[in-house]
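Here it is, the structure in full.
Letters A, B, C and D name the chains as they come in the text, with residue numbers starting at 1 for each one.
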Amino acid sequence: MSLNSFGHLFRVTTWGESHGPALGATVDGCPPGVPIDEAMIQHWLDRRKPGQNKYTTQRREPDAVKILSGVFEGQTTGTPVQLMIENTDQRSKDYSEIMEKFRPGHADITYWQKYGIRDYRGGGRSSARETAARVAAGGLAREAIKALAPGVEIKGYMTQIGPYKIDNERFDDVQIGQNPFWCPDPQAATEWADYLDGLRKSGNSVGAVVEVVAKGVPAGLGAPVYGKIDTDLAAAMMSINAVKGVEIGEGMNAAALTGEDNADEIFMGNDGQPVFSSNHAGGILGGISTGQDLVVRFAVKPTSSILKTRQTITKSGEAAEIITKGRHDPCVGIRAVPVGEAMMACVILDHLLLHRGQIGENRGRIG
Amino acid sequence: MSLNSFGHLFRVTTWGESHGPALGATVDGCPPGVPIDEAMIQHWLDRRKPGQNKYTTQRREPDAVKILSGVFEGQTTGTPVQLMIENTDQRSKDYSEIMEKFRPGHADITYWQKYGIRDYRGGGRSSARETAARVAAGGLAREAIKALAPGVEIKGYMTQIGPYKIDNERFDDVQIGQNPFWCPDPQAATEWADYLDGLRKSGNSVGAVVEVVAKGVPAGLGAPVYGKIDTDLAAAMMSINAVKGVEIGEGMNAAALTGEDNADEIFMGNDGQPVFSSNHAGGILGGISTGQDLVVRFAVKPTSSILKTRQTITKSGEAAEIITKGRHDPCVGIRAVPVGEAMMACVILDHLLLHRGQIGENRGRIG
Amino acid sequence: MSLNSFGHLFRVTTWGESHGPALGATVDGCPPGVPIDEAMIQHWLDRRKPGQNKYTTQRREPDAVKILSGVFEGQTTGTPVQLMIENTDQRSKDYSEIMEKFRPGHADITYWQKYGIRDYRGGGRSSARETAARVAAGGLAREAIKALAPGVEIKGYMTQIGPYKIDNERFDDVQIGQNPFWCPDPQAATEWADYLDGLRKSGNSVGAVVEVVAKGVPAGLGAPVYGKIDTDLAAAMMSINAVKGVEIGEGMNAAALTGEDNADEIFMGNDGQPVFSSNHAGGILGGISTGQDLVVRFAVKPTSSILKTRQTITKSGEAAEIITKGRHDPCVGIRAVPVGEAMMACVILDHLLLHRGQIGENRGRIG
Amino acid sequence: MSLNSFGHLFRVTTWGESHGPALGATVDGCPPGVPIDEAMIQHWLDRRKPGQNKYTTQRREPDAVKILSGVFEGQTTGTPVQLMIENTDQRSKDYSEIMEKFRPGHADITYWQKYGIRDYRGGGRSSARETAARVAAGGLAREAIKALAPGVEIKGYMTQIGPYKIDNERFDDVQIGQNPFWCPDPQAATEWADYLDGLRKSGNSVGAVVEVVAKGVPAGLGAPVYGKIDTDLAAAMMSINAVKGVEIGEGMNAAALTGEDNADEIFMGNDGQPVFSSNHAGGILGGISTGQDLVVRFAVKPTSSILKTRQTITKSGEAAEIITKGRHDPCVGIRAVPVGEAMMACVILDHLLLHRGQIGENRGRIG
C-alpha cells in the first residue's frame, strides 16, 4: 500500500515536488515488449506543458522526460520504468511572505497540520507539477494499450469554463486541437478567450469541467463492487489536484431521470456486437465496461492563487492578509485535459491486465 | 489486492450474492478493545432494511447480522471480524424469463461478457443486498471511531429525488428521521411522497442525490495525490451500486466559481483552532482534512427494474422485449443513505489509523 | 492491505478463531468457470483433519466446509468465494489456569502485549485450526490450476521428525499415503512411530521438516526482486503457525556449496524444452520458475503444549508454573503437510494469474 | 500491488538495472520530521560498496546517492523520498558471448522465458546492484526508527562461508568491523581468507550464511498469520538475490528439538519486563515480537559467474559451453550483510508504523 501509488497491476507511483531537483513516476507492471522511447512520452508531456499560451502559467519548464530504467533497445522489459523530469525553472525568490502564512484554497494549512513540516517554496506534492508525472506514465500506458486493445482511442476536452458551457450541437472533434482550451465548440472557445482575458487582467481565476471519452474499450473490463472500473476512474480523476467532482455518463444528472428514461436499451449491431440505444450509463454497467464509449467528467476548482487580497492566518495563529503573486494559470482546468486523458489510459490498461489475469482472453459470447 | 476490498488499514472485504445462502463482510485491521455486539451493528442494518415502507422494495429480509470472529467478551480482539447476514427471503420463482435475456440498465450483460457465467436469479454482486455488508462494517467503524476521534458525527440525508430538490432554507436536522426519505426538508418530503406514489403506480422509478456530512473530523487526515481523503471518498461512494457521480464540497459547481468566490478565507476561532469563512472545499484541502465538515454528495441512478417494456437481446443474440417484474425500490437512492454513511465511517476510520501509523498523535500546531 | 490476507490476484483472507462459532477463508480473484463443490474441498480438509490417528490431536472436529458465495451451478462465478467451517468441538472447560498465565512457546504473552486483550480459551488466530481455512482455499486453488496449467502436481511429505531423517535412497512416492506421517520412506515411518509413541507417553513433543514439491509448473512464473516466486513461497510457508525456517532447493545447504557444484547446467530435452543436469535451484532462477520441480522445505517447531512443568509468569507479573493439558499433537508438523501443499497451490495459481495478467499466454521461446 | 515493492506502510519500490543510467528506491510512507541527508545514507552504501577488498567484485562504482524528493531543510516531509544512484562504471565490452547463451545459475533463461526480452548486458533486475537501492532505503529506515524505538540496534555478520562456520565461543562483536567478512570470530576470518584466496585463484565461488540480529525491538510488533513479523522477515530476506533459505531463531534446527527443549521459559526481569530463559524463538511468538532479540539467518548461494566451463544452451536451443568472465565476487554473501541489515531495518520500521496505526502507543501491560 502506498498513498502515492495508483493502479493494481499497472502501478504508478509518483514522487517529487515542484521545487526539488526532479519529479517523476515509478511505473511497475508494464507488459514487456512495448515499443517506447523518450520522444513518444515527450509528445504527451508537451501537450500539458505550461507557458504555451497566455491562459496557462508562464512558468517555463521544458518538462523533458528521461527514461532511467525498464527499457532496453527501445522496448519495455517488464520491469519498473522510471520516468524522471528535472525541475529547471526554480527561480530563487523571496518566500518570506508565504513561509508563515497559509494561502486560502491551498494545502498549506493542511500540510502543516498533518506533517508539522512544509516546503513553503511551492505546493509540494499538491503542485500541478505533480501531474506531469501522471502524463508521462499515461504516455507509456497508451503505447501498452495498443498491443492489448488496438481500437482504444482516448480523447479529452473541456465542456465548461466558469458559467460557459459548450453547445453539444456544435461539437466538432477537429476543433479540439485548434484552440488553447481543448474546446470542441469553436464559438465557446471564443467566449472563453474573452472571459479568461478579463479574469486574468483582474487577477482572478475560474473553474472548469473536463470530459474524457475512451472509444473502443472492450466489453468486460472492471469488476463488481470495489473493483468497478467507475470506482477506479472516480479515484483516478478525484486524485488530480483541484478536482471536486467526478461523473460517469449521466453523472449527477442521473438523479433527475426516471428508470424509463435512463435505461439504455440493447440491440444487436451489424458486427455481431451488442449496441445500445443510448449511453446514459457512460459505458459501464455494474462496474464493468459495456463496449460503448467510456465517458467520465470532472470539475476542476478555480486556481487558488489569485491577485486578490484574502484573509488568512499565520503559523503562529495571527490574522493576516495575503495576495498570492506568481506565475499561475487563470484556469488550471485547461492543463487538466491531458492529465485526465493520462489517468483514463492508466485505468484502462490496468483493467485490461486485470481482466486478462483473472479470465484470460476469452469472454462470454453473445450470439 | 482484492477487487472486493476497500480501505487501507481498516480493510473491508464484502462477499456474497443476493440469492446465495449468505453474504457478509470480512473486516480486518480494526483496533482491539472496541466494544461491539450484534445489536450495535443491527441498529444500523435496520435503518437500511427493505420493506419498511411502500417506497422501498417489499422484499422482507430480517438482515440479522452474526459476528463469527474477532470479538471476545464484547470487545474486538484486533483480528478479523466476520459479519455474516443470511439470506432468508429467496422465493423460488420462475427465472426462465431473465435467464436468457439481459435486463437493460442491469449488469446482466456485462457479467456475461466478462465472466461467461452469471447467477441469473438476481443481481449477483451487483444486487443492492451487497450494501448490507457495507452497513454492517460501517457500524463497526463507527464504534471504533469513538475511541479515536470522539467528536465525529456522521449524518446522511437526501437532497434530491428526480427533479425535486430540497430547499436549504428549510433544512432541519430533526426532520431527517421523521419521514421515509431521510429528508431534512419537510415540504420536499411531502412532494416526494406524491411524486413517488405516481411513479410506483406507473411501474417507473427515479434517481436521487444523497449528501453525507461528517462533523468533528480532525484536521490532518488524508494525504496528497492518490491517498487524498477525497480520492478515497470518491472511490467509496462510486463503488456503491447505481452511483454515477460524486462531489466533494462545491462538487461540479466548482467549475462555475471564480477563485475569489471559491477560496475559503481562514481565521482563528475562539477555541484556538482555525475556522473558515465558508466551506466550498467540503472540508478538504490538498487531499487532507481541514477540520471543517467533510461534505460528500452522490447521485444514484433510477432503479433499472421497472414495469415498462424495454428492448433487449438474449444470450444467443436475438432481439427480445423485457419487463422486469419483482419487488423493487421505486427510488433505490433512499436506501443508499445509510450506505453512504457507512462508507464515510469506513473512510474516516481508515484515515485515522493511517495518520496515526505514519505520524502518531502529534500534528503541526497553529498558534 | 490486510494482515490476514495472502496472495496478489488470487487473494485469500482467513478469519476466525479456534473457540468462536466458525472460521473460514474469503477467497477473491478466482477465475470464473472453475468446477467446484463442497465435496471437492472437503477431500483436502479431510487429509488435515485432527483425530485420525494417535499421532495427532484427539480434538474431533468434522471440519465440514460450506460454500457461502461465489459458486453457481457447480462453477465459480469469478466473485468472492466464502468457505466457512463451523467449530463444533468446543468443550466447555475450566480456563482459570491459562486465563492468567502465559504458556511458554505460545503466543499468549505477545497477543497480550500487542492487543491488551486475548481470547484465553485457545490460541485465537495462532491456533492450528486457522490452517483449515488455508487447506480449503488451497483445494479451490488446485481446481483452478487445472484449467491453467494442467500438468501441475503438488505433493508434500515429511523428511524429518526430531533427529530422524528419511533416507533418500528409500524414497517411494507410493508410501506417502500409507502411513500416518506422510513419510516416503517406510523404514523411517517405523522409526518415527516408535519415537513418537515414547514422546507422547512422556508428554513431550518434537519438531519436523516438511517438503513440498510441485511438478509441471510452467517456466516463467514469478518476477525479479520482491515478486519472486520464492519470496512468496517463503512468506507462504513462514506464515504457517510454528514454522521457523524455509528453504528453496538447496536451502541453507547452498552456503556450503561452490559455484561449480551449485550451477545447474542446461541442456535441451527431447521435448524441445530445456532440462537441467540437477536442481540445486529448486526450480527457480532469479525469482522465476525454470520449469523444473519447485522444491520448498520448512521446519515446524515442536508443539508448545506439553505435559511438562514449565516456568512462566502471570498477567500481573508473578512467577508461576504451568503444565499445558489438553488434546495436543505430539508432532504438529504432521498436520502441516496438507497445509504446505495448500500454500504451494495458492502461490502457483496466484503467479499463473499474475503472469497471464502482465504478459498473456505467450512467453519467450527457446529454439 | 507492485512486484517491485516491499513493506506495508513504509513502502519501498526499487527500480533500475545494472547497465542502465541509474537505479534507486522510491520510498513512500516515511514519517515526517526524520533528520536525513545524503551523507547519512551514503554511510550505509559505502559499507556495501564493491571493490573494497579482493574478496568482492572489482567493479568500481562510487554508488553515490542523490535525494531527489521528500526531504526539505534536512528533514523528511512525509511524502515520497526518491533515492537515486547513478551507474557510472558501465564498461563497454563485447556482449556477443552472453547475448545468445544462458549463463547457468543466472536468471538469463528465466527472464527470457518470462518476458521474451532480456538486457543481456548484465543481470538486469537480478544484478546484485539492485541491493544498493535497498541499502539506501534501509539507511532512511534506520533514522526513522530512532524516533519511534530509540533502543533498536541492528547488526549483521557472517556465520559461515562454504563449509567453515564460526565458533560461537569466540563470538566477539568488536571483530565484526575488523575484517573483510563481517566475521565475529577472528579465527574463522583467517580461515575464510585462505579459503577464498584459493577459490578466487581457481575461478570458483562459494556460498555463505548471514545472521542479522535486532536488539531492543519492542514487544508487540507483528500480527498473527500472514502479517507475522517472521513472514515479512522471511519475504524480505528471500527477496535478496541468491538467497535460498531463511531461518528465524532455531530455524531448520527446530525440527530436531523436543517441546521441552524448545520452549523458552518466562520470568520477570529486574526492569519489570518479561525475560526468557533462552531465545529459541528468535524473538517472535505467534508472529509477534517478544522484546527479545530478533534473530534471522539466511543462506546465500555461491556466485554463479565463475571461470569454469559449464554446459548450457543458446536462445535458439543449441548446446553450448560458457565461461562467465567479468568482475565478480568469489562470495557474494559478503556484500549481503549490509543488505540483510537494511531489510531488517525496513521490516522493523514498517511494523512499528503498522502497530501504531492499528493500536496506538499503548500496549497490554504485564504487572
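Simple rule for what comes next: contacts are C-beta pairs under 8 Å (C-beta built on N, C-alpha and C of every residue); 3 or more make two chains touch, one makes a residue touch a chain.
Quick caveat: nothing in here was measured; it's all calculated off a predicted structure.
> Where centres are the averaged C-alpha coordinates, which chain has the largest centre distance to subunit A?
C
> Report which interface contains more C-beta contacts, comparing A-D against A-C.
Greater number of contacting C-beta pairs: A-D.
> Please report how many Å separate the Cα centroid of subunit A from that of subunit C, as a whole number.
Computed from C-alpha means, the inter-chain centre distance equals 45 Å.
> So the centre of each chain is just the mean of its C-alpha atoms; given that, what is the distance between subunit C and subunit D in Å?
Using C-alpha averages as centres, the distance is 25 Å.
> Averaging only over C-alpha atoms, locate the centres of subunit A and subunit D and give their separation in whole Å.
Spacing between the chain centres: roughly 38 Å.
> What parts of subunit C, by residue number, touch at least two of the other chains?
1-5, 8-9, 14, 29, 32, 78-79, 114-118, 124-125, 224, 354, 359
> Contact residues on subunit D for subunit B in the complex?
Residues of subunit D touching subunit B: 1, 9, 29, 31-32, 78-79, 224, 353-354, 356-361.
> Where on subunit C does subunit D make contact in their complex?
Going by the criterion above, the answer is residues 1-6, 8, 14, 102, 104-107, 109-118, 123-126, 130, 160-163, 199, 204-209, 219-228, 230-235, 237-239, 241, 244-268, 272, 274, 277, 280-282, 284-291, 297, 299-306, 308, 310-313, 315-319, 333, 354-355, 359, 362-367.
> Mind pulling up the subunit A residues that touch subunit D in the complex?
Result: residues 1-5, 8-9, 11, 13-17, 20-24, 26, 28-29, 32-33, 66, 68-70, 72, 75-82, 84, 114-119, 124-125 of subunit A touch subunit D.
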